[in-house]
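Both complexes shown next keep subunit A, but they swap its partner, so subunit B is in the first and subunit C is in the second.
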Partner chain A sequence: MIEIDQYYGLSSPIHRWDPRLKIVSIFVLIFSIMLLYNLILVVITMCFAIMLVFLSKIPISFILTRLKWVFIFVLPFLIILPFTFLGGGIEIAHFLGITLYYRGIEYVIYALMIMIKALTAVMLIFPMIGTSRIDITIKALEGLHIPNKLIQMFAFTYRYIFVLSDEFTNMERSLKSRGYKNRASLFSITSISKAIAMLLVKSYERADRVFYAMRSKGYTGTVTTLHEFTLRPQDWLNTIIVIGFAIFIHIAAISSTMEVL
Partner chain B sequence: MTENAQVKPLIYASLFAALTAIGAFIRIPGPGPVPITLQIFFVILTGLVLGSRWGAISMIVYVMLGLIGLPVFSGGLSGIGVLLGPTGGYLIGFIIGAFVIGLISHSAKEGFTASVLAVVSGLFMIYLSGIVQLSVVLHISLWEAVVIGVLPFILFDIIKIAAALIIADKIRTIVVIP
Partner chain C sequence: MLHLNGILPGKRTHESGKGSGYVEIFGTTIDPKKIHEMPKKIGIVFQNPDDMLFMPMLGDDIAFGPINLGMDKEEVDLRVKESLAMVGLAGYEQRVPHHMSGGEKKRAALATVLSMGPDILALDEPTANLDPKSRRELIDILKGLKDQGKTLIIITHDINAIPELTDRVIVLNRTVIADGNTREIFSDTDMLIKAGLEIPVIMQFFEMLQFVGYPCDKLPLSLEGAVNNLTQTIENGEGHIHLHYHKHTHSKITATLNKFHYHK
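Presenting the complex of A and B:
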């Protein structure tokens, strides 16, 4: 479910890029596209993001599976956005005493822009953290001066997600093997509720075991790893290209706004 | 602070962050086409069990994991794009909500009444944060944001509140955060 780094073993310029600079650069790019409100520039940024994805060699089918969920998630908002029931547009329908108005083409464009931005932002996650092993990514965050305690919690949480997900999948499988079907009935809800309660009990037991294991191994509050990062000129060049593009796109946005004025 | 006092909350906060992530994937069949997920349930439980400080830290860890790219948000989404997108306010609301729930429920001597007040306040903070961002990002009025961002979910969230209150009451006797 969460194995975003399953293609970390491929060889590409994005894979070879220093994880610290890679995270910062692509993070800036994602932030940059979210602050853009110009459809043409948003599309250009999406093309740049697609280029990064191609460079990373991560299979497109893997990325599309995730993008499908973004599309499903954002779609309802986009359908609603060009319409309002508060007035201020063209009246298009009247039901149950409520009048529905169409707000105009600019809202359709705005909705489209939100969709492209959402897809691009999620697409960029793959070159950002899908090209390094997750423990290296977490270690890279330490290099970005994120507090050590928080980083340890990231690592614990990441591990727990897998463990708990496995536990729940096992419970679900055993329910299904006994003829359980996931549908809206009192029986289904009761069965799932019992499984969730069991998940909580197992989580508690596991947390307790982890606590005693850490204490018995003399946990001092810091975790050390053997991986060391080294910076090459190519890492800086990649960073300059990506952050440079993020800045350029905003300069273009500002100058196009000034032209309009 | 002793080592135990440092380690135990750290483990539990991570555990509840993981449970919140899992909550996005556990789908309970509902009467409508959209299945019910359990994120809000685990956010409430986090606040009630861990208190304000560790509850908020746990949710910060959850949001930050999603922010760096792990697909832990609803629908398997992740990244700063989600946080700055239409529904990002709910994620900020998780942090504020867990903090408020922990603050009210752990500061009062009266158990159950304070817990009810805490979770209602917490849910209000989650909704408030959610609809403000929904309204700003989608350029819609706050009232329209309430119609699409609160009304369809409120009934199920009340059921989740009830479940969280009952479960938290039992867990709090076992899980004691120093």
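Presenting the complex of A and C:
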């Protein structure tokens, strides 16, 4: 299975950045691009994000294969948003008594903006999470005083997703070894759905056992781990650059709307 | 097994109370409200190590118990190192559980409990699902713990491991069927066969040897015992063992073989 932190071993400014500040800064940057409504500034932020990705030395192909799914997900916006059946635009087609209208260039820009924002946000996840080991990231979240329950959920998801995927692979192999094939038949669908249901039952029972194991080890509701992070001037400099950019781009956005007024 | 540390509460909290049972450890009855204090006294090792290793990194898993017991950082670090060394996994702090082998996971699960320094260890099928080498390593670790004075409670079907590890054996099948020292239990073949168990192969073999004239009044339970027994017999016979065959030998051996078979 391919893991998001498989390139944690590389050496780059992003890798050397303190994980706590890295998470906060890039998170601010993600929010900042989400709140922008100006195509030029969105594109500039995307360039900044691409620069961060290049700096992190994570192979572009690794990121592109993952961005592909996001792209497929947001592509419908570009197709759907500029058109309407409700009237108020240029008529472009008639069929079955329905008229399709084109709503104008501003809607195309709007759709493009949604697409770029989504792609950039997902792209930024890679330098944020993919440049340190996942357990270090979890400890960083703990260091940031994120609610403990959330951290526990995150940690358990990460730990058990592999166990579950192994279990599912086993089940799939056992199905296949008895002649099962993925077909569009009712039998195929019922078999696979029963297998998935079994997986749910198994994970439910496992959750019980894990909880017992935790209680046997003195669990009272919070999980704490030992971690040590030291901050260097370079960490703060990186933070200032990224958060500074996020703020700057919003100042630019505000001043441009003022000019329009 | 979870009754042992109060996670599954007994029906009554002390001897005079109502209900069907209670558990007493070191003279105090387990109070379900004080479960978080139990790990100091008793550590439970589950059958499936994946249930016990729930943190993203092994070092955190082993530190989990000591941190919950409120120890300070140096103490926790020391205990993590110590308990990993005890199970032969020194230097595994940074390892990720899903990249470890089954035998390593079993030993790691044991280490997560050892780090809390319990006097009693309860293990559910410690040797199940292990290859012979890992099984041997685990048995040696458990022997070492026993020699250090820890009390081990082991639930197992691994008959051949029992003589090496135990002083007292309790046979359970819904209820207590037999309770005694290891030798007493293993001399009651009928009871063991009825419970779906068997006696160690070495013991079966020496019982057969008796029919060809091997002098042996105390059947050895393990390989070590067998070697001692053979040496002793050869010394007594001044360098020789005399085995012989007579007309009843064959029928006796057949009868004994039958004794070890399961009856439907």
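FYI, the second predicted complex is superposed on the first by the 243 of 261 C-alpha atoms of A that agree within 3 Å, B and C clash if a C-alpha of one lies under 4 Å from a C-alpha of the other, contacts with A are read in each partner's own complex, and residues count from 1 in each chain.
Quick note on the criterion: a contact is a pair of C-beta atoms (placed from the backbone, for glycine too) under 8 Å apart; a residue touches a chain by one contact, two chains touch by 3 or more.
This is a predicted model, so every value here is computed, not measured.
With both structures placed on the common chain, the touch criterion links A:Ile4 to subunit B but leaves subunit C unconnected. Greater residue coverage of subunit A by touch, when subunit B is weighed against subunit C, goes to B. Residue contacts after overlaying the shared chain place A:Ile247 against neither subunit B nor subunit C.
With both structures placed on the common chain, the touch criterion links A:Ile79 to neither subunit B nor subunit C. In the superposition on chain A, contact is made by A:Phe156 with both subunit B and subunit C.
By the touch criterion stated above, A:Lys217 is placed in contact with subunit C alone, subunit B being left untouched. Of the two partner chains, subunit C is the only one touched by A:Asp135; subunit B is not. Shared interface residues of subunit A, touching subunit B in one complex and subunit C in the other, are 134, 156, 158, 160, 163, 206, 210, 214-215, 219-220.
Across the interface of their complex, subunit A is touched by residues 3-4, 6-8, 10-15, 17-19, 21-22, 25-31, 38, 57, 60-62, 64-65, 68-72, 74-82, 84-87, 137-141, 143-144, 148, 163, 167, 171, 174-175 of subunit B. On the subunit A side of its complex with subunit B, the touching residues are 1-2, 4, 23, 27, 30-31, 33-35, 66, 69-70, 72-74, 76-77, 80-81, 84-86, 107, 110, 114, 117-118, 120-122, 124-125, 128-130, 134, 137, 141, 149-150, 152-154, 156-158, 160-161, 163-165, 168, 182-185, 188-189, 192-193, 196-197, 199-200, 203-204, 206-207, 210-211, 214-215, 219-221. Within the complex formed with subunit A, the residues of subunit C that make contact are 2, 5, 7, 35-39, 43-44, 46, 48, 50-57, 60, 63-65, 67-69, 73, 76-77, 96-98, 112-113, 116. Residue ranges of subunit A in contact with subunit C, taken from their complex: 133-135, 138, 155-156, 158-160, 162-163, 166, 206, 209-210, 212-220, 223-226.
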